[in-house]
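Please go over the structures that come below.
What follows is subunit A paired twice: with subunit B in the first complex and subunit C in the second.
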Partner chain A sequence: NHIQNKSFCVHNVCVCTVYLSYLGPPFSDPGFSPPRPNSSSLSVPSAATRVDLWRGLENGARLAQNQRAYSVLLCAVRELARSTLCPYLQSSLMHFCSGLSGLLGSISGLMNALGYTSLPPSTPAQGYAPLLSSQFQNMEGFWVLRELQSWLWRSAKDFTRLKKRLQRLATTVHGLN
Partner chain B sequence: MANIVTSFCCVVLAAVVVVYAQRRSQQGARIQYEKIGSDVTMQCGSLDNDASVTWKVNGTDVKARRREEGPRLILMEVNMSSNGLYSCFQNPDGQRRDQINLRVGLPPKEPQVTCRSNTYPKGFYCSWHLQHPTYIPTDFEVDVQHNQRPLEVTRDEVHKNRCHVKFPELFTSFPYRVNVTAVNSLGRASSAISFEESSIGTVELSDSTSHTITDAYAGKEYIIQLAAKDMEIGTWSDWSVAVHATPWMEEPKPITSTTESDIIPGMHELPTVRTLLSYSL
Partner chain C sequence: MQGWVTLALLLSLGVECSLGQNGVGELPVPRGLTLNPDLPAQTLSLTWQSDSSLFDLEIFHTELMNVVLNETVAVKTDPVTGLHSWTWHSPLPLECTSHSAHIRARNQQSVSQWSPLQTIPGSDIPEKSESNMFPQDKVVPVGSNMTFCCIVKEKEDFKEIMYGRQEMSATRLSRRTYAITATNQPVSGNTGTNVICCSQRLTLTGAVVFVGYPPGDEGLVCETRDLASAECSWKKGRDTGLRMRRSRTKYTLNGRDCLEANERKRWWCSSKAWEQSWTLVARNPLGTVQLTDSAQLTDRVHLLAPVNVTAVEVKAWSATLQWSWSVAAYKKLEMVCQLQLFAHELNSTRNYSGPGLSSVVLESLWPDVDYTVTLYCGSKHGFWKWGDKSAPYRIHTKMDRPDALDVWMWMDSSNTGRVFWKPLSVRKSHGALVGYEVSQSSAEEDGWTPVSLPPGNFSYPIILNNGSDITVAVAARNPAGLSQPSTVTTPAYRADSQLSMSELLSTNGSFVLSWQPNANASSGYAVEWVPTGCSGLCPVDWKKVPESDSSFTLNSDSLVAGVRYTVSVYALSTGAPTLLQRWQGYSQEMTPSQSVRELLPNQSGSDVLLSWKATAMENQRGFIRGYTIYLANAAHLELIANISDPEVQSYRVKGLSLSSYKFVVKAYTSAGEDAGATVAIKMEMDTADMLFVGILVPLGIMFCCLILISICCYKKREWVKKAFYPEIPGPKVPGDWSSPQGPLDVKPSPHSLVHIVESPEWDFTKEGLFPVPEEEEESENDNIEVDADSDEPALLRYYNQVVGDGSHGNQVSDSSGSSNTSVDSTQTEITYAGIQSPTSSQGACGGGGYRPQMQSVIGPAEPQIEFEADFQDDGLHAGYKPQCSWQLDSPEAENFSGSLGSPTSVTSSQFLIPESSEEKPQPSNTWFHNFLSGKS
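Now for the complex of A and B:
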């Protein structure tokens, strides 16, 4: 089992809290839930998916969606780290990035082991452009972390499902031997 | 031919009139809901202000603190003992003119709402209750919002205070907002809760759903309850309904009927075992 994403929840909570208080109000307000900017202005893929589509995802597609999301998110969080002025926040974000990088490596490794084609590791995530105005930057940063939280929640469910399917596959194979 | 049709119509009309008259005489009492502690005015039908009436409650004289003004009975600072069927009789002919079923109660306070998912990833359910009784019939209205859109809410057929909602999508970055309003004749009150999909205690059932407790003492009765949590992520579910069980000391004889465990006089209080079982999902 290559996937070690449990520790991200702890880090995730710390980083999000710190980043939100860094952004200040209204981002740091507890009930703050703005509408999502449309996909052209926010290139981080949304974790949201229809129930039936998610359940029906084939193993390769499931992994590929995770891989694509985390490669974009990795770039996005790196950009956030680069553009913050607070040293503590910057080091937290960079530390988080190394975790994300590890996760991405695990996903790619798993895809290769299972024989699925994966993105080449050195490709910079397409479509993630650096930000312009600082106001837009804050909103973008807010949404990057929002989507990151959703993806971490989703990945836990994705990998649980994958594990079950692969275990079933393994017992079938074992039974045949 | 026309005669038969006319006769038939007359018969039907007569039947309708008879049924209507019967209903009117049965239908005497109307319900009046009033707040505990308030002064209550009951009006006898549509009589004039100078009419003289006699009031009875449940067939007996009205003994509570009151005032009578023409066709009106005013009870002071009502309480639960004021409940009853009040009848008014016009003087001097003694004919009953009206019947009022007085029900005393309270307006609702904000309900307590909780939501959980036990059918993940299909949907979640919410349940609510009032901390303080209202003593009169109280209904609930529920609305659920997600990403500024209302979601379809299905009321539970069995549990009056429960509703079910299907997830429109999974893994969204927007919270769900559930608003429950308690309504009765005396007022309304609502409360709302907001939550993310990841925080409402989700459990996906796996194949292995049995467990053997190996360290129970023979002859001792136990109360067993179960809670579950998704191993990777999520929160613990509510405790299940309790089950009573006693590990047997000898080979069990065939049971002809199931009985609740009897509490033998003199035994100590039943020990409670709450086993946290985490299933490997």
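Now for the complex of A and C:
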């Protein structure tokens, strides 16, 4: 919750809300759900994995998926910021990107500390992006933000669970010693 | 048989003729029809070969074979290709569904066969199973109509198409295609207008349309800043509403991309070289605007701001300003520059010109003043506009010696006076003053005696020791030095009383003065005005007038309303000023601020002499024109006199009667009356009158009244007797009492005595009175006598109710058998204690006689002893008491005690006659005594 609240809202206004208003109706209408673009260009990993499967993953695997998701989402949000015409919204998105970047660094540091292999830092894709329709971009932006929201919720739970496990493990190790 | 053959031939010919008329077989069918769609433009080009030039065209939506076009067109053969071509603009995007077309040649009424159908596939064919929407990212002008289609994914249903938030009614075009038409589209937002296609359970697809305006730019103007390059600017005009990068307005200037406008969203373009004419093209997907401008370079010079502005030499009255130019080409340019000088009340604008102007001398500055200079220049020849302003530059001029003071001397007596000088304005002081130097010299003394005064002083006292004139010189000093001394010689003192002064009337608050020119006024005249009667530090003011003038208008702003001024005109020469004329006047008269003083009434018989004194001059606030005298009544003032001579300060009010009077005296000026002074007087008689009126007259009146009353009473004595002392009827005794049958037994009847005993059945908490016959063995009924005059039925009923509730109601014993007892018939027994006693009866009743017991009083029983004692006292002085009022029952002790001695109803336990003094009936002759004694 802390991650989400701190990073997804700027000056008490959530970037998500502002961005959806920017996209206009019906994107800004509550309950609107456009189809998720099924394109290779939107490589945002979905957080809609079944809960039982997700919980069955090892810590390392789950952290790795978090890291991959945020790497892709960071690039996607940067692209949203770049293509945004509204200066205020652009600065808000860039501010949010810096928060995401910090989160990504924390995940990498945690993985290294626990001995898991972390992904190399992603580099922005070079070259021209394919010409997409505005509708497609709007839907992509919508889904980037929706996935980002889902991932932030999931990560908050993951880190809480991981913290408990590590504390339990540390207690056990301390008891054995 | 032949007939049948002939008929068959005729029929065949007829059929051929009819077929020939329809053209079948005669006009060749167009060949090689091909369809070339332009999807973004939503156009379909048809090309074919034919010898005809008139064709029928039909275009269908293939799947449902809906005809969307059925038109006859005249198309000539292209001489180059030998083909016919025709283009159709489809309102529907061609991707929405498959379109088919065929064509036939027409020659008036004859037509050829239709060519084979040619079809272009849409995106709703089975091979393309995904959802889709068309057109995508279309840019259209505001107000246009537009058709969108949604191709539903295979095996998916269709619900609706939303245009923004607006649900639109859709038309089915094919198995999977639905279309809507948005009419009169409004301008889009930042990201365009979203059009969304939905199924029953989810959003299928969508499109964005950008609705905006063509460019509205206007007013292209090109100018040069450096005498070489060009800068062209224009106004943006109406917002196109198109924000997306690909639909923004693109600008070219003389065919070259305008980077400043295209990249930085500025509305100007630069060009390295000046060209004679300029063309700006603004283009967006909705239209193009072309703006032009042409001018010579020298006519469009817009200079840059001067830089490095400095003041190289600053003096008290001038300064030299220098600056430089950032463009070297300016040095040869003939230019005009404008300097704006800002200072407190000293703002000015000055123009300078010259080639490559870079320094000017600022003349006519004022010493010790902070100036702020702003500078801008323009081309002198072919002036276009002023260049940019330089940064403000501050100059502070040096100080200079003050100007000479305006000095005047005012004499308030023959040997004392005061020299005045006016404070110097900023423009005249030329620097902050540090003080004044006053020097005086007289004929007897050589040299000057200087005195230094601080800067806050504006006068200095002068004393003439031996009556000789004194010349005073006053100079102001600031850090730059001393001003030229101003001299003045003491004028001869002339008291107001020595002069015949005329009254000066104001005109709109100002005094218009004029005087006879004087030959001695070699240095002009001085007009002096001072509040009349002022002494000490007076606000003396003056104005010096050139010798050529013999009139002066003293404005109201230097005068105070309601203040009397003495205005004098002096002739100035080398010696002492000579008084020419003197006036007194008010710039504006007001009502007096205070009423007359010492208003006194003095009675003289029936007259009253009112006398007063005028208020002080400073309170008059105008020339007193007279006085008004009012008699103050309760609600208003009654004018009794108007004295128009202000010198008359008394008035006699005649013929007043003996009463109190209140007089109001008001002084009035031309502005009106003051509040008024009030004096009251009570008119009194003389001593002899008072003796007569106060003593003898009332005595006489009283005496007359006594005599009248006596006479009246004597004449009406029968009536008086009947009214106040009625005849008491004698007792009616049965039998013959006329002649005594025996000696009259005056022994009191044994039944007339009343014994008061405590009833054994009575509540011990309530004590009661019970008449007990002295001889109990006698029959109760033997001595009961009904008193027909006394008890009213209502009272009896009331008693009945009260008594009926008591336990002792049936224990009524016999009262006295005599008629004096007021016991009622059968229900109520009331008794007078001791009423049969000859002594007590006479004493209690005064006049004696019968006393009907009509008063019904409800009250508690009372102790026997007290009752008897108080009754005796009461009976001695109460006299006759008609008992005709109700006394409410009151259990309070005070009422109880107040009723002690009253006759008491035996059965009701009530006091019959209250004892309280307030309710004690007056003796029957009391009013008469009061009347005689004059009491009310």
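In this section, the second predicted complex is superposed on the first by the 151 of 177 C-alpha atoms of A that agree within 3 Å, B and C clash if a C-alpha of one lies under 4 Å from a C-alpha of the other, contacts with A are read in each partner's own complex, and residues count from 1 in each chain.
We take it that contacts are C-beta pairs under 8 Å (C-beta built on N, C-alpha and C of every residue); 3 or more make two chains touch, one makes a residue touch a chain.
Not measured: the values here are computed from a predicted model.
With subunit A as the common reference, subunit B sits beside subunit C without any clash. Contacts of A:Pro35 after superposition: both subunit B and subunit C are touched.
Legend: residue contacts after superposition of the two complexes on their common chain; A:Arg55 is shown touching subunit B, with no touch to subunit C. In the superposed model, A:Phe27 makes contact with subunit C only, not with subunit B. When the two complexes are superposed, the chain touching more residues of subunit A, out of subunit B and subunit C, is B.
By the document's definition of touching, of the two partners only subunit C reaches A:Met139; subunit B does not. When the shared chain is aligned, subunit B comes close enough to touch A:Thr160, but subunit C does not.
Of the two partner chains, neither subunit B nor subunit C is touched by A:Thr172. Figure legend note: subunit B and subunit C, brought together by superposition on chain A, show a least Cα distance of 5 Å.
33, 35 are the residues of subunit A that lie in the contact sets of both subunit B and subunit C, per the superposition on chain A. Interface residues of subunit A, counted against subunit B in their complex, comprise 6, 9, 31, 33, 35-36, 46-51, 54-55, 143, 146-147, 149-151, 153-154, 156-157, 159-160, 164.
The residues of subunit C lying in touch with subunit A in their complex are 131, 133, 136-137, 162, 164-165, 189-194, 196, 202-208, 210, 243-244.
On the side of subunit B, the complex with subunit A involves touching residues 121-122, 147-148, 166-167, 169-175, 194, 197-198, 204, 206, 230-233, 281. The touching residues of subunit A, counted against subunit C in their complex, run 22-27, 29, 32-35, 85-86, 133-135, 138-139.
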